[in-house]
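Both complexes shown next keep chain A, but they swap its partner, so chain B is in the first and chain C is in the second.
Right, the complex of A and B next:
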């Protein structure tokens, strides 16, 4: 069942647009974005390999269960709460950004808060489902949406209006020193594997993860496209002016045949789906992390009766998101996203290294 | 015995109670003549008793068709099932003489196939089992009988292939059947609703009349429920894809049937989303379509004086009443209703400026593509599904439709049919590969 792992990877890498990753990278296009991307490929792939080694050592166990093997409860609970917050913030940034985006492009008459209310309502419903259901939902959602997204990406790459000259100009800045923020942003594209910290509960006992080379290959392609194509469309200078870079880029494309002319509508609908899937999955994981803090909690991957605590936590998430949108605007959201990306890089690396070290020790102990 | 039976039953003319005697003994018999085959009663009881070729108590003891009944509380229900009750030398025996009125050699009507078998299941359970057994000649075919309904005592039969069946599913089916509380069980759909929950949007049990579908399902390890008195069988567990799959798909040309399957999915998507999309595009995002199309849509509803969702409600009301009317009317006037309705929907409504011509196209697409679903209970569920999507479309336009479809997706992926995933692309292809969600034994 390898594909379920790669769904997470694909989802994470394709969703980078919603977390302002291209915008952050393009901000640094003259001072180190490209070298940072190269570093990010190494970091992202390395972390993914280490992490998958850990999860394969404990099939059927999620991150909370693995942590409980190594550490006492008092240490594990803060870690879990911290990680839950990380997951929640990522999904919240994505969904809040999307609510604003919808308000801009689709429904300019309503307020963003009402749109966000609708989106969070669905995400509450989706996130409270069982882990297995969320995984199936992710699968079906990606199977329906990914072909069209790849179609748009291919269309953008092969467009006649793209200026390869601008891309080459930016590519000449490859010899600048890498910087932390673009590294963090670019390595986010590789971070889909970390979702397996909860979904590893679903892996069957004799699970072996194959085709791990697909992580760097696919994610690098997506990273290059999402960085260079907007530059090709908007030119080296103008490109930095757009915060929702890819929405504007997709609006530069046109479909000559069929009912729909402007690609942006297809693009927005597809990314709305992806964002909903991502948020549902992220909130679900955050819920599971928080639930794991309780001693009485028994992880059940296919719970038929939805416990009330799922609803409670998800509703809390939704309320916090709504309050956030009420009090903060996009600029602060963008700053939060950048800060979150950097923090995420360290948190994730820390978690992965900690787990990897512990797994090595665990193996040595159990082999003795 | 006779006194007791006459007190048990209300004043009924068809309740026959006799006391008979020959040289050796006196017997009492009781039966309901309308339920029984009287020639059987005379062949098995009256004639041998009178001829006295062999002592009658010897006959009833040796012939296994006479079952000894110990519990007097069972008498009434036994007689009501078409048995003859007889008391011989203080012992009570029952003999099955039931005469069941049923449709003779029924042809498939609900789920037809051109090149498939034309014989449907029968309303009598024994005949249905005969049809199934002859299609599924396997010693592994297991059957269990149960009765459901505190008043109707409907007999149901659980059929499964002992070798292929999933024991978890089987035990879940048994326990669910055990927990059913109902007075009268008349039809297969009633049992389906009791088994899969009243509020489900989509069916998780296939209701079919086709013996070939039943045999295929048995072979794939599914469980089949037969009800006495209906010609439909229930098949469980079922996935969404099986509802989209007609039996013809295995009989006809490969490429065409693949295309038809695709067409069915496309039809289902259209019938669910079209009304909502119409509202979203007209009232919120007309810029979605290319300019020429947007203009022609806007132009076609220039005469319509109210918002798009009212238009949609009018047309959906019309088409749903048309479908309902053609179902309810006697067959002879049924075609009149559709003709009149079709004329009004097609021409007059648009010329009067009540609805746009695009809306008429939308309505007919919605209605026609609803009928491509092969299994009837799924078709009816899908007929409802467009309404929940209209609500978010009214308030949020295109966003609402997308979000609504996503919620539907979440709902469908969370559905389980007796513990089996209902909506997923495909499970493990090879039997020995493991699946996600398998819990390791510790």
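Right, the complex of A and C next:
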């Protein structure tokens, strides 16, 4: 069961590229990005430890069920709807960014709306499956994609064109004061654990999570790579000009004797898979949160029949994403992503502290 | 249950239908692949651009000399407009996705290059790993030429510039992302190889030094080799020395270099560079095997130190920094704007202290 938890952590941290996290950090490279990243390591790890303590206290129960133990329905429903919106927005930002990316780098002649329409069809299908199926999908997707992604990351770090002087120059700016936006952006990399709010339903009784130290170690490595490698490839000044920073960085790599010379195409396909998995998982959780608002809802992690409400909510999600892409441009998407990242930090910290506090009280009560 | 399936089908089918209207994808036989692009300033009209594109024409044969290419060149007030005008002259869609070389005309690069660079960095279909070079006398002349032994269009260019084909100490290939980062970086300036057309060949043996706006100096083939050795640790190179009027040439086996910028007691700065080279004789008079090697090495050291010192001074006088000494200074000093300002006043006064350490591994033949 342990590995299912870490799949979420890995997926969340590797997907930071799709939520403009490197670009936001790079914007603050002279004004506190480094110290903010250090703060984010502490915040992210701390929240992860607290949250996993809570979920371990309630094996087999998702976040909605835990909330219902503590609070009356009238309080839980707004919280659930808010959290559902947070999950939906994150996945929507990623999938919309990806549709735009395909439009930019793969096929400029195809409208991004059509691409997004096709992508959302896949996500609608995936997100309506049962919780267990989504978890298996994530496992398969990650096992297929992660080795190649790590290969590309290693290739980029070991490239002879990377300028270590530029990286050291930026690292010298460690003494600037940390700032909120870069902290929010960097702590996103650590946020994969929060997906266990729904997937905790899958855990067996007496479940104990092992290897929690892997969260800070793995996520810090990913964070450093996604921040510093683009600086090494594009210098301390030019790097800020690229919004789709990692697409441009992967295009700066070549595999002379690979079956395809330009790494960017491999990279884009890998991130297509990751984004689809991430969006599927995000939408699935949002659907489960919304469903939990109904008193009649009985969470079933492995149901045979897909209830119609799954389809309805997923279709609504897809339509909202399409409308969003139609009405807003690249710049507004980026602003939304930055705002969402900051809101997420507070929402997440609030949720985790609330749950942790209530769990302590609950334990004290039940031990009495 | 059955009804449910029907409803699902009724929803999914129309959505799929909507995508059948096509996605604007053009087949490969309706595309013209640009293999090289040149950007010039016309002689009589220095404010306009002359864009030259080499379009690959697929040929059923792959044999020396069978490469066919169509060259289109159009003058316009902007690069984008020129490309659009070329589109109106050809029958297939232009595709820059396989374009591996962008040539800047000599006139353009010695006037003002950032506009052309901007076009290259903004267009999404342009590879970040395309080569950039300067074309002499202009980009059009170089691009129009068809090497007689080329097997398929543009192949000579890629092989000559890249590491797959020839590897020469006089060729310093520059990728577009590398050029773009250096063109804006504080502490390192770009270099570009110069492509000359001579008879039916491309000659790439010189290096242009650029500041943030234009070309400011040109390195001779010899200086280019030393630049390549110090900066890229180019192994397929040589070092020479003259002893008693006879030339000795050492083919490099191993090469490494490192440098530090040191502050002296009196406040001035010295760049201390150490270069380690070891190699085998490729040209030497008979008798070197039995002579005293350490004396020969000493001669090589002196010769190399003098040449490198000359190169660094020349670069310093041109007020550019292609080695990235400034970036190294920023990397090793406190992160603040003062560091950069300090470097700007240090560099013109910087002294160089070069220690070459050349080791003879063998003589090729004994006497």
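One rule holds for everything that comes next: the second predicted complex is superposed on the first by the 368 of 368 C-alpha atoms of A that agree within 3 Å, B and C clash if a C-alpha of one lies under 4 Å from a C-alpha of the other, contacts with A are read in each partner's own complex, and residues count from 1 in each chain.
Methods note: contacts are C-beta pairs under 8 Å (C-beta built on N, C-alpha and C of every residue); 3 or more make two chains touch, one makes a residue touch a chain.
All values reported here derive from a predicted model rather than from experimental measurement.
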Is A:173 in contact with chain B, with chain C, with both, or with neither (first, second, both, neither)?
-> second
Considering only the touch criterion stated at the top, classify A:1 as touching first (chain B), second (chain C), both, or neither.
-> first
Could you look at A:110 and tell me whether it touches chain B, chain C, both or neither (first, second, both, neither)?
-> both
Touching A:183 in the superposition: chain B (first), chain C (second), both, neither?
-> neither
Does the superposition put A:262 against chain B (first), chain C (second), both, or neither?
-> both
Which of chain B and chain C A:80 touches, first, second, both or neither | neither
What is the contact status of A:118 with respect to chain B (first) and chain C (second): first, second, both, or neither?
-> both
Considering only touches as defined above, state whether A:301 meets chain B (first), chain C (second), both or neither.
-> first
Quick one: classify A:47 as touching chain B (first), chain C (second), both or neither.
-> neither
On chain A, the residue positions that both chain B and chain C contact, one per complex | 107, 110, 115, 118, 262
Going by the contact rule at the top, pick out the chain A residues touching chain C in the complex.
-> 30, 104-105, 107-111, 114-115, 117-118, 121, 161, 163-176, 233-239, 241, 248, 251-254, 256, 262, 264, 308, 311, 315
Across the complex, what residues on chain A touch chain B?
-> 1, 4, 59-60, 102, 106-107, 110, 115, 118-119, 122, 125-126, 129-130, 132-137, 139-141, 143, 202-207, 259-262, 265, 269, 272-273, 276-277, 280, 301-302, 304
The chain C residues in contact with chain A across the complex are 4, 8, 11-12, 15, 18-19, 23-26, 121, 124-125, 127-129, 163-164, 175, 177-178, 180-188, 324, 327-328, 330-336, 339
In their shared complex, at which residues does chain B touch chain A?
-> 284-285, 287-291, 293, 392, 396-400, 402-403, 406-407, 409-410, 412-414, 416, 421, 423-425, 428, 433-441
